[in-house]
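First chain A sits with chain B, and in the next complex the same chain sits with chain C.
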Partner chain A sequence: MNRFKGFLIKEFYHIFRDFRTLLILFGMPVAQILLFGFAITNEIKDVKIAILDEAKDNVTREISDKLLSSGYFILYDNLKSVKDIEPEFRKGIIKEVIIFEPNFSQNLYKTGNANVQLIADASEPNLANMIVGYTSSILMDYQKEIAKSNNTNPSINTEVKMRFNPNLKSVFMFVPGLMAVILLLVSALMTSISITKEKEMGTMEVLLVSPLKPFQIIVGKVIPYLLLAFVNAFVILGLAQFVFGMPIVGNTILLILESTLFVIVSLSLGILISTLSNNQQTAMMASLGGLMLPTIILSGYIFPIENMPYVLQLLSNIVPARWFITIIKGIMLKGSNFSYIMKETFVLIGMALFLILLSIKKFKTRLE
Partner chain B sequence: MRIIRFILKKEFLQIFRNKAMIPIIFFMPLAQLLILSNAATYEIKNIKFSVVDLDQSKFSRELISKFTSTGYFILTENSYSVSEAEDGFKKNTSKLIIHIPPDFEKDYRKFGTAKVQAIINGEDGAAAGIINNYTTNIVQQFAKGVETEWTGVSGTEKNPRININYSNWFNSELDYKTYMVPGILVALVSMIGLFLAGMNIVKEKEIGTIEQLNVTPIKKSQFIIGKLLPFWIIGIFELAFGTTLGFFIFNVPMLGSPFLILLLAGIYLLVILGMGLFISTFTNTQQQAMFIAWFFMVIFMLMGGIFTPVESMPDWAQTVTFFNPISHFSRAMRMVMLKGSGFYDVLNTIYILSGYAFVMLTFAIFRYKKVEG
Partner chain C sequence: MLYGVDGGEIMVNENIIYAENLTKKFGNFTAVNSISFSVKKGEIYGFLGANGAGKTTAIRMLCGLSTPTSGKATVAGFDVYKQTENIKKNIGYMSQKFSLYEDLTVNENINFYGGIYGLTDKEIKEKTEYLLDILKIEDAKNKLIKSLPLGWKQKLAFSISIIHNPKIVFLDEPTGGVDPVTRRQFWNMIYEAAASGVTVFVTTHYMDEAEYCNRVSIMAEGVIAALDTPGNLKEKYKVNTMHEVFVKIAR
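For the complex of A and B:
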């Protein structure tokens, strides 16, 4: 036990002596949460549009004003003819063109039918969808206003209630995802580097001939990072709660236990990577290049899993972050208790066991 | 020139000797491109929903079948109380509850108005917004249909009406893959470039071989160029190969000139590699270098408009993207590939990227010291 303590102290020295890494390790989650929490929203803002007004009458001017004063759109250009549309789009600045037909107001009030055409730049499909949606709803509002006098129609009203996230804040979506990304990468990356570094420097030899058992070496390597990741998790949760007002509806202790479980999975992943690679470069490229995008894309962090093709939904099952994100969202936003997240928890435990067993099998006590 | 050739030879030898790295540099990014491009879709379909129908009338059943017949919604559960249905939110078996109060049909016949409640799981704000739109639209359509049935005239026909026709240019089917393939490709190439370059010089420092290089007559700039070129060649190769794959496998259009893409990529890679080498010169260990590189990569990627549109960020964040090379490059890539933008359309981007490349490389060259201490 004494030997083990000595080894553990050595590991802590390694970490605390490298001040820069430590700074990044703690500064990064803070910077990222703040940046993304404030920067990424679901609303559109200041989208540049062009208007081709072939009518130029009071109604079209009123509608244009209404669109531009909404805060969603900025008028970039008034176009003169349909021919100008395509070159304008090619410049990549405007995202939508609104075309009012000639004699718009006469058509509207005499025949009761006026046409407006929206052309969206769908090379960004998601944005195009949103822009068309926003524009249409402003146009419909205008139509409602002029029809106000005639408002005795029978109707069915939809009352919409948003559960768990009434203001649809995207931070609520971002925090769990970011937490998974940061914990996974910090844990996996740091452990894999720290073990392969000993290999690269030749000091692994020294450790292997010491009376420490391989198992103790691994545990000693992992414990400091477990603690570090833990501090990070607390910082992220604190920021989420106090800066962005994200609630923790469920049980905090359960949340902490689940986070620890996830960190253990990530650390085991790091150990596995380090047993498979001989130098730091390989370990880092594997853990960063190989884990970063799958964790961002396949975990349900940004893109909902149920929209993916079936094969990829199956594939997403092996991404640990997928299960963890479901768990934190459940606990933090929905107040789920253990019975709701039992399946996810067991999957993570299974992953941890599998990864640890595999690394023990692959861990070589001899150097070639 | 001869000196640079020697450094190049050494670097390539080093890269290709490490057997574990070859698959990581070449196969991993392409595999990720092929797999992840399919996953990155915002398209919302198969929305699981449950129904609390307390009216049980012909009316309410018609409304529900209106939902299921759109193809966007899948009915997973019928329950008799809202709280029971909300359990489905926690179990992740539904995203939407349609709650039809008792006397739904009666109210409509008597007073001409009736109410439906839609309870949406708001965890994922963006998806919830879309579900909300779909739901209100369907109810609106249903109301219109019923109205025509009852009164014989559609109510809106009495009022002046604005017809909205919309068309989606450049991607009329709103296929997310054509949008995502260039984006993910940019992300992957940037990652590989920045990480490899970031680790390079610092590795020599850590192992001690930098000393041996420092005592040779290699000039600073020759050294940086020699370090940079191998990764530049690898990056260009990967980008070209990835674009070709995208073209043949995902039918991503290539409306503009492929040479323009190569030109943009060439300049862009200088920025990223310059940045990597710069990081490499002021760090002491590979670990530090990797962490700094990772920090910037995550920010560049998530704030660069690859996954979420820049237009949905607040003003200050939109200003910040000006300093984000990924944002410039991915936008230009998409413009050229998907819209067929020409040289003059992206000229501005070329200027900006060249400026960054110049600044980064100058920094890297100045920061690299041959003398210790």
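For the complex of A and C:
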């Protein structure tokens, strides 16, 4: 036991004396969640637009005012003809052109149908979608107001209040995925690097020749990162809750247990990688390319699994994070209890057992 | 057959390492082909051979890291097939890479290695004081290993490899990249260890070092091509230096 304590102390010295390790361990989770929370929001602000008003009547002027007073849009140019649209877009300054058809107000009041065309710069598809969404929403608002005013109140209220997309909602979607990525990174990447570092430095040989059993070496390597992964999980959940107001609807203890399970799967992946690679570079490439990439792309973190081609959907089944993200979303957002996430939990348990057995086998053959 | 208190056989002829037809095959490739030799207690035994001759595989089998395909061997009286745990408690090991933790201090390295060999805190404390004194590195005890000169690291690594008073110490090219003066000092340490009863099993590429050994064996293509004292070998091959002996055999 004394031997083991010394081993753990040594591991913590390694971690706390390496600035880069510390940065990855503690800087990255915080930076990532703040980035996702604040910078990558679905809100738009001060987007430059151009208006081509072929009607130039009261209604189009009112709509334009309403758009421009919303705070989302700034009028960059008033266009004279359709020919101006293309050159205007090519300058790259404006993101949207709004075209009102001739006789807009007459059409609206007489036939009940007036046409407005929205052209957006779709070189940034997400942004274009959002801009069009915001514009349509303002137009809808106006339409409702007219309907209302014709019946009851003659005055038109131009004040805009949008409830289209509260700006922080995206963080709720990102936190579960982020948990998966960070826990995987800390557990798999850091463990595999730390084990291969011993191989590279030649200290692994000495450890293996010592009375320490291979099993003890591995456990000693794994425990510090297990603890650090927990610290990280708490930091992420804490930030999500206290900075962005994301609640944990479900059972916190269940959440912690499920996270532990995922960390164990990740740690065994890390051990497996370290038995297969001889130096830190290989371990890092394997962890980043072989684990991080599938986790980000195939787990449903960023791209919904339902929208993937069938082959990729099948492939996503072997990505542990896919199951973990479902679990964590269930617990945090929906308040699911264990019976709802049983299937996912058993898949992860199966993966953990398989990976641990495989790593032990590989570790032994590697020694020969 | 006699057994000692620790369960090991007492070697009547004091052969602390004994190998007979020891063989290791990897698939179709025979890395070590039926080698037989023995090393006496307190002896400095040079284990020479060109790269790829099978030295490392042989050492790994003797250290209990690799199971032989066939043949017999005992190390410190323990069987290399079944008693590897006992072997590991009775041997020390130092490699060319010196195997110290660069981001740990001198004291922390001594503590760590003392700890994994099961020394008590009191023993570790005494050993630390002794080592710092004898290596004259008292001032550097709280310095990180990476800030020390290569020669210091090497001497410290050797001292740590015998910190638990092993019966045998395996040195795998311990003097790689070290200057001749430091190498000479290092060999003095080896002699002192041998004089105190530790058996030294050493591999090297420096043929002047082979001259310092009591006996040497030279491996080529998985077999032991020659085994004798350096003096007898030179006589047999009618040359003046071990270097020439080596070139004749290893070619």
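What to note about this one:
Going forward, the second predicted complex is superposed on the first by the 315 of 368 C-alpha atoms of A that agree within 3 Å, B and C clash if a C-alpha of one lies under 4 Å from a C-alpha of the other, contacts with A are read in each partner's own complex, and residues count from 1 in each chain.
The rule we apply is simple: a contact is a pair of C-beta atoms (placed from the backbone, for glycine too) under 8 Å apart; a residue touches a chain by one contact, two chains touch by 3 or more.
Everything numeric here is computed off the predicted structure, so don't read it as measured data.
When both complexes are overlaid on chain A, the residue A:210 reaches chain C alone and has no touch with chain B.
Look at A:284: by the touch rule set out above, it reaches chain B but stays clear of chain C.
By the touch criterion defined above, A:18 reaches both chain B and chain C. Touched residues of chain A were counted for both chain B and chain C, and B has more of them. Contacts of A:185 after superposition on the shared chain: chain B is touched, whereas chain C is not.
Of the two partner chains, neither chain B nor chain C is touched by A:58. Shared-chain residue A:252: touches no atom of chain B or chain C. In the superposition on chain A, A:10 contacts chain C only, with no contact to chain B. Of the two partner chains placed around the shared chain by superposition, neither chain B nor chain C is touched by A:106. Note: residues 18 of chain A belong to the chain B contact set and to the chain C contact set alike, using the contact criterion stated above.
Across the interface of their complex, chain A is touched by residues 18, 20-21, 24-25, 28-29, 32, 35-36, 38-46, 48, 86, 89-92, 108, 112-129, 132-133, 135-136, 139-140, 142-143, 146-147, 150-151, 155-172, 174-176, 178-179, 184, 187-188, 191-192, 195-196, 199, 203, 207, 283-288, 290-292, 294-295, 297-299, 301-303, 307-309, 311-315, 317-318, 320, 331-332, 334-335, 338-342, 345-346 of chain B. Of all the residues in chain C, the ones that touch chain A in their complex are 63-67, 85, 88-89, 91, 93-104, 108, 111-113, 115-118, 161, 170.
The touching residues of chain A, counted against chain B in their complex, run 18, 20-21, 24-25, 28, 31-32, 35-36, 38-47, 89-92, 95, 108-109, 112-130, 132-133, 135-136, 139-140, 142-143, 146-147, 150, 152-166, 168-170, 172-173, 181, 185, 189-190, 193, 197, 200, 276-282, 284-286, 288-290, 292-294, 296-298, 302-304, 306-309, 312, 315-316, 326, 329-330, 333-336, 340. Note for the complex: chain A touches chain C at residues 2-3, 5-7, 9-10, 13-14, 17-18, 201-203, 205-212, 367-368.
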